[in-house]
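Below you'll find a set of structures to go through.
Next come two complexes built around subunit A: one with subunit B, the other with subunit C.
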Partner chain A sequence: MTRLVNRHPDRPTRLLLAMLPFALLIAAYAIGSDMRLAENPNDKLLPSFTALGDAITRMAFTPDKRTGDYLLWVDTVASLTRIAGGVAIATVFGLLVGVSVGLLPYARATLGGFLSAVAMIPPLAILPILFILFGLGELSKFVLVFAGIGPFIARDIAMRVAELPTEQIVKAQTLGASTWQICTRVVLPQMWPRLMDSVRLSLGAAWLFLIAAEAVASQDGLGYRIFLVRRYLAMDVILPYVAWITLLAFSFDWLLRVLQARLFPWFAPEGASR
Partner chain B sequence: MSRVEVRNLWKEYGDQVVLERISMDVAPHSFVSLVGPSGCGKSTFLRMLLSQETPTRGTILVDGQPLANEPQPDRGVVFQKYSVFPHLTAVENVALGLEFERAPVTGRLFGRARRAALDEAGALLEGVGLAAARGKYPAQLSGGMQQRLAIAQALARKPRILLLDEPFGALDPGIRADIHDLMLSVWWDTRMTVFMVSHDLREAFYLGTRVVAFDRPTEKDAARFGARITFDIALDPAAPIKERLREAEHGTATDDLGEELAAMAAQADRDDPAPAPSTRRDDPAPRDGETA
Partner chain C sequence: MNPFKTIFGTSAVAAAALVAFGLTAAAPSAQAAEKTSFKLAWSIYVGWMPWGWAADNGIVDKWADKYGIDIEVVQFNDYIESINQYTAGAFDGVTATQMDTLGIPSVGGVDSTALLIGDFSNGNDALILKDGDSVEDVLGRDVHLVELSVSHYLLARALATLGKSERDVTVVNTSDADMIAAYQTDDVTAVVTWNPLVAEILSMPNATKVFDSSDIPGEIIDLTVVNSETLADNPAFGKALAGTWYETMGIMMSDTEAGRAARAAMGKASGTDLAGYDMQIASTKMFFDPAEAAAFGASEDLKTTMESVRTFLFDHGLLGDGAPSADVVGIEFADGTVMGDESNVNLRFTTRYMDMAADGAL
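Up next, the complex of A and B:
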């Protein structure tokens, strides 16, 4: 008998197995929805697939009666702009601060402890402060996403830089490298793929902070819409929105993973055989 | 090609004395093999020669001048691991030193200057037998090829001193013989002064023009006494000892010296896994030519 740890599914089986949990979830939903609707045709909790389809058509493909906008797309553009802005600032900040703290003893002595402390501040707890400081406009949403993941990325990159073998840094010096050259030719190029990992890991948190900010103060955005229609128990809108957000987040994650493998063929993730 | 003078060198980490009273005068174009039980401070000594660490006491002079206080291109290095950059191909790894030299601001050459640097690097790669691996990343190279690459990379800036810390320790014996010959021809052609840490006595004797052993004087109070030089043998690079060593290495020698060396090497192999110097009971070899 081959041990379970040594038994691998073949390709078609793997595909089938991967789809199984999704299929089960959808089936369970369908059964639950049918049962509730059989009891009460006006039940709003688990709308039928037809109702979900209607809601999708209404939100995505029909102009809004009042504004003439296609709401799903307007919300999507608004949310993506905010998350992209916040993540971009956080990434640049994280890279600059992380590399400095990881590489320069003076930067580490100055910022190392501070960064660890700042990273412990629960971002949602300072949300009111952000609204007071930056108003209810776009800026406070960028800042919340940034405050939520910037320190995390900075700390992660600082750790990854410190993990580079000392031998490499010494070796570069024996080849005549200045601090700046070490930074640009030895450290930064090795940080790009790690930065992508770091961003991938923080994307979930970024969405969390974005939706929180939109729920509290906004006129549009995916989070705003979900919390708006919640008042009418409009599950037929909420569920497709959640699925859409999930799909967007999943696509970015996948994109970053593919880009990383394409752009940095030398980068073998931890645990992969050399 | 540089004269290296080490004057009464001490190194302490906190309360622990690692090295004490290390003095040696190394003639230009020497090949110094450093041997000794593991943990006795061989790497520490090398790191001081590299200016990666500062001695607690004593001085190191190169051609009469004190060492710079940080690593410089006049002293190249090959470590046992992590000597090459994983994100650069073989030829880029070798060209990197040239780019550092010729592009102070960007650290990166472009166009014709870049092609010239890559050509020079390619020639160096050819010299170490890696012409075919030019475009490969280090992770795609075997251990022996990675060390050849590290040697070529270290040569790019034409250092006058080359420091090797167990460079061949992780390689298979068969591969080692080839890379030993490469090392000898590089040493001969470049006229560099070489310091090599080795835990393989046969290798130390085969490559070195001088073998220096470090060991602690007592096993009691290990932390309060640092390692000193316990023997220091000058070898003539042309002497027949090399030949007999070679035979000993291939297990064909039957004469006394071959056996003695084989025993020494076996002893060294046995001691090697010992983590703490205090567990060591005997010297690695007879103490002829002791200088400490």
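Up next, the complex of A and C:
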């Protein structure tokens, strides 16, 4: 008899199995929603699929009565701009600092300990300081996303650089490479795919910090809308927004994975879907 | 059959069943009829501190025992979450403003009764400006406040005194937890918030209060709300709450050692001290006397206020998106008149239990 560890589902089964938990979750929701709506047709906690559909139509495809904007798109653009800005700054910072700390002993001696310590500060705990330094506008939202993931990426890259076999660095030197050449020809080419991994792993945290930033002071954004309508338990708006955020986050993750596989096929040769 | 599928299938079905059960377990126990144990949710606010104190000092238990029931008093750190939990059916009663009661449980189909009128804000909510000394100076500014809260309502009322509307300012939703830090940044030149934050902000340089709730007395009302069906089936619950409340009011209003000790304890529980708490009470019209509360609950002014509050909620889309007018939710007053849809009455004002307390009939 084949052992369980050796039994692989075929393609259609795999697809079916992958969809099963989603289907069960939706079924559980439908049952729960029906039971609550049977007791109270106005129940707000688990709205029916029709109500969810209405809310989507209202938020995404109908101009808002007061402002004339299509709220879902306005919120999406605002949030994506903020998260893209924050992640971009964090990535550049992470790469520069990470490579320096990983490669240069003097940089490591100066910044290594500091970076480890800073990465441990929960940014949400020092919000008032961030506000007073950076104001309540857009800048503070970039900064919060950056502060949440920048040190993490820098530490990760520093460790990945330090992991490179010493032989490579020594070999480059015997071929006459300067520090700059070692950096650009040996270290950086190997860091690009790892940087993408690091960014992928921090995207979840980036969304968390973005939504926290938008909850604090804002006029638009996906997090703003969720916290605003939560005041009135409008789950019919919140649930589609959550699904939308999940879809966006999932798409970026997927995009980075595909890009990585395209650009750096030598990395992760198994092509494993990680 | 594939054993993996079987194991996976079974556990997944079990998990789904658990989720479905969990989601419905909190369903409103509408047909609960007579029951003996009840839950009241409250949150930190000057006018609701008595609940925590009464629970800690055995007054809740004393009255519950008298009526042969059990009342669990649960403190929430998050006001809105306490109302949401009540609306979802996890609690039989909650402390809330009349505006949030209408906007959340009543719109959500949970028929709610304003059992006790605890107080109205008489200066506790305020519009504060940097470099400005009248409401006119707010025009054109970014105003930081908790959107859709009583602060937002206060701003709308302040602008209405000038014949202006929200279009003449920009509202920025700002968390109350961060309001004090926000005021210290240069970006922020106008806020609307409530006590103790108002006192804290006014103690900073360059902060002027230009409008507060004493300019619209009796419009921001703090209630203890209970589920109407639960109350109808279990009047003992209402009696025990009213008994507890007015015994506590009697103690805390008294100018005695016991009264000061009670107020000091309530102050401490809300992060201040006796002096700080007394200052907050000074800007709150507390109804220590049940007869006074009942008179307020039966007044014609309450109808005017509810008209203005429901119009605000309707204008902001909070009476449901399909609502054709502010009439969609019926509001019943103590004299039996109904404002709005008589077939969908989901907010009820009654003076019955306050009257009983006033008559010593509890």
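Things worth noting here:
Just so we're on the same page, the second predicted complex is superposed on the first by the 268 of 274 C-alpha atoms of A that agree within 3 Å, B and C clash if a C-alpha of one lies under 4 Å from a C-alpha of the other, contacts with A are read in each partner's own complex, and residues count from 1 in each chain.
Basically, a contact is a pair of C-beta atoms (placed from the backbone, for glycine too) under 8 Å apart; a residue touches a chain by one contact, two chains touch by 3 or more.
This is a predicted model, so every value here is computed, not measured.
Once the two structures are superposed, subunit B and subunit C can be ranked by residues of subunit A touched, with C on top. In the superposition on chain A, A:L263 contacts neither subunit B nor subunit C. By the touch criterion stated above, A:L17 is placed in contact with subunit C alone, subunit B being left untouched. Looking at the shared chain after the overlay, A:N42 reaches subunit C, while subunit B stays out of its contact range. By the touch criterion defined above, A:P165 reaches subunit B but does not reach subunit C. By the touch criterion defined above, A:T174 lies against subunit B but remains apart from subunit C after alignment on the C-alpha atoms of chain A.
After overlaying the two complexes on the shared chain, residue contacts for A:T184 are found with subunit B alone; subunit C is out of touch.
Those residues of subunit C that touch subunit A in the complex are listed here as 2-5, 8-9, 12-13, 15-17, 19-20, 23-24, 26-28, 30, 80, 83-84, 87-88, 103-104, 107-110, 144, 146-149, 170-175, 178, 180-182, 184-188, 317-318, 321. Looking at the complex, you find that subunit A touches subunit C at residues 4, 7, 9, 13, 17, 20-21, 24-25, 27-29, 31-33, 35-36, 39-46, 54-55, 58, 65, 127-128, 131-132, 135-137, 215-219, 224, 227-228, 230-233. Contacts from subunit B toward subunit A in the complex involve residues 50, 52, 70-73, 75-77, 79, 81-88, 96-97, 99-101, 104-108, 137-139, 153-154, 156-157, 159. Interface of subunit A with subunit B (complex): residues 165, 167-168, 170-178, 180-181, 184-186, 189-190, 264-268, 274.
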